[in-house]
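We call the chains A, B, C, D and E, going by the order they appear; numbering starts again at 1 in every chain.
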């Protein structure tokens, strides 16, 4: 990802971002609200069109006009803060929809894989429930399973736990931790600093559309270089 | 508050709560989601009717049918998770609405007091802004000021910071800390354990509609007696 | 092509009739159409040698139905007015009726002059809507969808009188469960009169003549008189006499 | 087809004009009464007061499930049974048909307005009313100062919708002989045989009336968004309204 | 009062109210006719409404504009006037229509305009975030439309749709104004025959309408239950 600039009207939200993510890396993005973290994720998978620069995933340019008509790369999974499960489908149907329709996996096989994934995130008994019958934590785990059902090469997480109650945050972080240990490439926006410290291979701190600092998590939390980073860490940890 | 029982249909949400709060105490209520913390607060100021038992504030029974027609005790202030500022009024109008209408304070006097309160919570320059032009932290501080404008004897806080971004949580907790130091009687539902440890005179842990344990904060966090409490503290701090 | 030829070709004549005028054209308890006009129409069809289909019409839509060829013939209490002659062709009359008032007993209304400042109920499409104000300008006209509704209105006190053809009023009164509570004003209340005639489409004299001849035949061979007695005259519940028709005498049709 | 619109300069035109006046009067009176019924009933339902709930339910379900024109006829013919005789006689001489039409239309549309008002109040976040109560504001104060000002933004579009329905339903009053526009059209058709011309004119007039109602609604919405700074409320409005009808 | 009821509630009257002269002369009428018109109009207007609604929700002018024109013109005219048009206009051009057809066409076009608005609103009401979730899974726009937007839109609009269906059922009652033998007209005829007790007659009709429409609402409620709907219609 080189020199990415993104504008909403006159507002320059990303002001030149250079970032390379290796296979198997777990990158945690953090930064104050409005710094452009979500926008960056959305540029990676093409949900937003970029104004300047280029985004290259697996050697291929991500070319998106940011219009609703684009079909996006199914090998980049994304998990949203608000889960965004399809409310009219059961959990199982949520999981098999994309594999059967996009990858043309036979239905039976897709169901089998879906059940395996649900077991993996610990909600196999909820396969036939509708999303709104599940707790937030369960919904988010289902959303992760849905993304995994497409065999993604890269997973993007946009504050996956910030709509959850403290006890449920746990369940979701556990699932993500397992994923990281299995070598999935992940980019995670989160305010859970304990988690970041534990699983991240790199922490990237953004402010006002620029990458201010990036470092290994230990270095990042113990001896941040930039003044802005220090402030931020101070505030987050002071609670 | 003695033997309070509250039911929603068949669901018994509070199953016999005894709790006495002395003047000037700062009680932090914690417990897992759904344990009935919010419901307890709402029973104290009469937003919900209780099924059994009694709630006595300053020697007076709180009698509420829980219907929309009741007028509640204006001397109990309440701050909500979602701020609940009135979006169609400016911050200043939000602050003077209740004093002028309920306490019949003359408008000029109410405005003067309101400005003083806004200064106290650090947002005096936002007096004429509308709520949705403010950040979450500023909104919550305005909500606290609004409650204070009624000269409450008791302030109830229901997760005042959980809808806020990490950086803003701070501002709000600062305001609450000041209040505590000034001797305001407060009941606070929060997951901010650091804050609880610092300002609480007592921590009350609830689970499934019962008070499981209550103790001074130091004792509570360092050597919880009950198994359930240990589990909870473990999970919360493990993050 | 004239209507009469069309009808013979088709083998069916479609006649617009009333279904809410007691004893003239009305639905009986079983929902069957019956009455004086219905029987007249049936007899005409028989003489033409065709089947008959009835189409219930209202005063307010009978002319349009005819113009739009939805029906071939109207026999539905249409009085022969000159302004109507502009849009349909009338046959010779098959009944004359004076127009009068139906009031509640003891209302004090004796003549049209007494209607000053009163409310009168009418069918929205009836000619009296225009005619009554000419006779009595200080009357308030209230219209209804059909005559029985105007009669309910009289019963409930919503209007002070119902004004129309004597024969219709007599039918309404006789069909009511409590006829003794109402009073038909008779001669004193006459404010006009009208010849009921069948109507065919404008500019179709061939058909009109054909119907005219049939109507004359009905007079001659006594069919008309039989039907009159059955529904309106001596054998009927109404027991009407010629006086009720303004001493109207049966004309003598020659060849 | 031989149409001749010039005849409208004569008697038929006068008739239609007098019909228009009656239609407008009828719509305005029924609207005013229906709004009052709607606000009171809607608020009562929103409170969820056990004592009045069944009463409100019966009223609203009755209106929602039975045709307005039959209701109109029913009210008209049964009024003399229901009303005390002196009142009835007074109304009768006063122009009872018009009154009956106003009452029937207001009764019918009041039920729909009530649903709109209730949905509007429900769309105000629950916390808003609770916050007002927690500050010690009384019920009516909270309603007037907090709930209604926010609900009204959500209310306007479905309210306009219901109001156009009301305007259109004034045409049913012809069934009991109120001399409004449709009635006059029927009269012209009956006695002057100029149906198509008259029908064209009154169709246009109805469209204009409905568009005026919609335009007034938009004016009101514009006014409200200028004077009530409430982006939250708009967001709620967008979510709750499908096809101009509030999802109930 | 009691014998008024007895006069209205006779077996013969009930037969006429429910099926008209079906058994005597083979002419359908009363409630049966009302249901015929109502249900046919509901079916027809749903088809029209779905097509026009999708056109309305589209961003393309060529689709959007005619749809808007149709909706705006039919929504702002009283149904009664439309019935008169449908009844009196075709004969002017020498086209024969029946009363039944006139009422049906007017009611279908009228309701279609409303349903188009509901469909459009339903489509627009599907949360944008949900669409993004579908796009992120790599679904094509067409697949998203068919599997994500339309089913969700359907649920969102069901309550409004049910309301509209009931309104159109009620609107069949206007048929009597042009003399079609629907429930209302039969009721009026019975009233005309009895020459009294309109209160009892109208109450009886109101009751029948109420029962039928309440029943319709209850049937539609079943659909609102996502579970049963999912079982019935969605095969993924």
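A few comments on the model shown:
Following the convention adopted for this analysis, a residue touches a chain if its C-beta (ideal position, glycine included) is under 8 Å from a C-beta of that chain, and two chains touch if they have at least 3 such contacts.
Keep in mind the model is a prediction, meaning the values are calculated, not measured.
With steps allowed only between chains in touch, the distance from chain A over to chain C comes to 2. Counting steps between touching chains, the shortest path from chain A to chain D takes 2.
When every chain is reduced to the mean of its CA atoms, the largest separation from chain E belongs to B.
Comparing the CA-atom centres of all chains against that of chain D, the greatest distance is found for A.
For the criterion of most C-beta pairs in contact, the winning chain pair is D-E.
Averaging Cα coordinates per chain places chain B and chain D 44 Å apart. Note: centroid distance chain C to chain E, computed from Cα atoms, is 38 Å.
Mean C-alpha position of chain B lies 51 Å from that of chain E. Chain centres here are Cα averages; for chain D and chain E they lie 21 Å apart. Counting partner chains per residue, chain D shows two or more touched chains at residues 77, 81, 175, 195. Residue positions of chain A with contacts to 2 or more other chains are absent. Residue positions of chain E with contacts to 2 or more other chains are 88, 177, 198. The full set of touching chain pairs reads A-B, A-E, B-D, C-D, C-E, D-E. Residues 19-20, 22, 26-32, 56-58, 61, 64, 67-70, 145-149, 151-152, 155, 172, 175-178 of chain C are the ones that touch chain E when the two sit in their complex.
Residues 45, 47, 68-78, 80, 82, 84-90, 93, 96-98, 100-102, 130, 143, 146-147, 150 of chain A are the ones that touch chain E when the two sit in their complex. The part of chain A that touches chain B in the complex is made up of residues 32-33, 165-170, 173, 191-192, 194-195, 232, 235-236, 238-239. Contact residues on chain D toward chain E in their complex (touch as defined above): 1, 61-62, 64-71, 73-74, 77-78, 81, 164, 168-172, 174-175, 182, 185, 195-196, 199, 202-203, 206-207, 210-211, 238-239, 241-245, 247-248.
Listed in rising order, the residues of chain E touching chain A in the complex are 127, 129-141, 143, 147-148, 151-152, 154-155, 226-227, 229-230, 234, 236.
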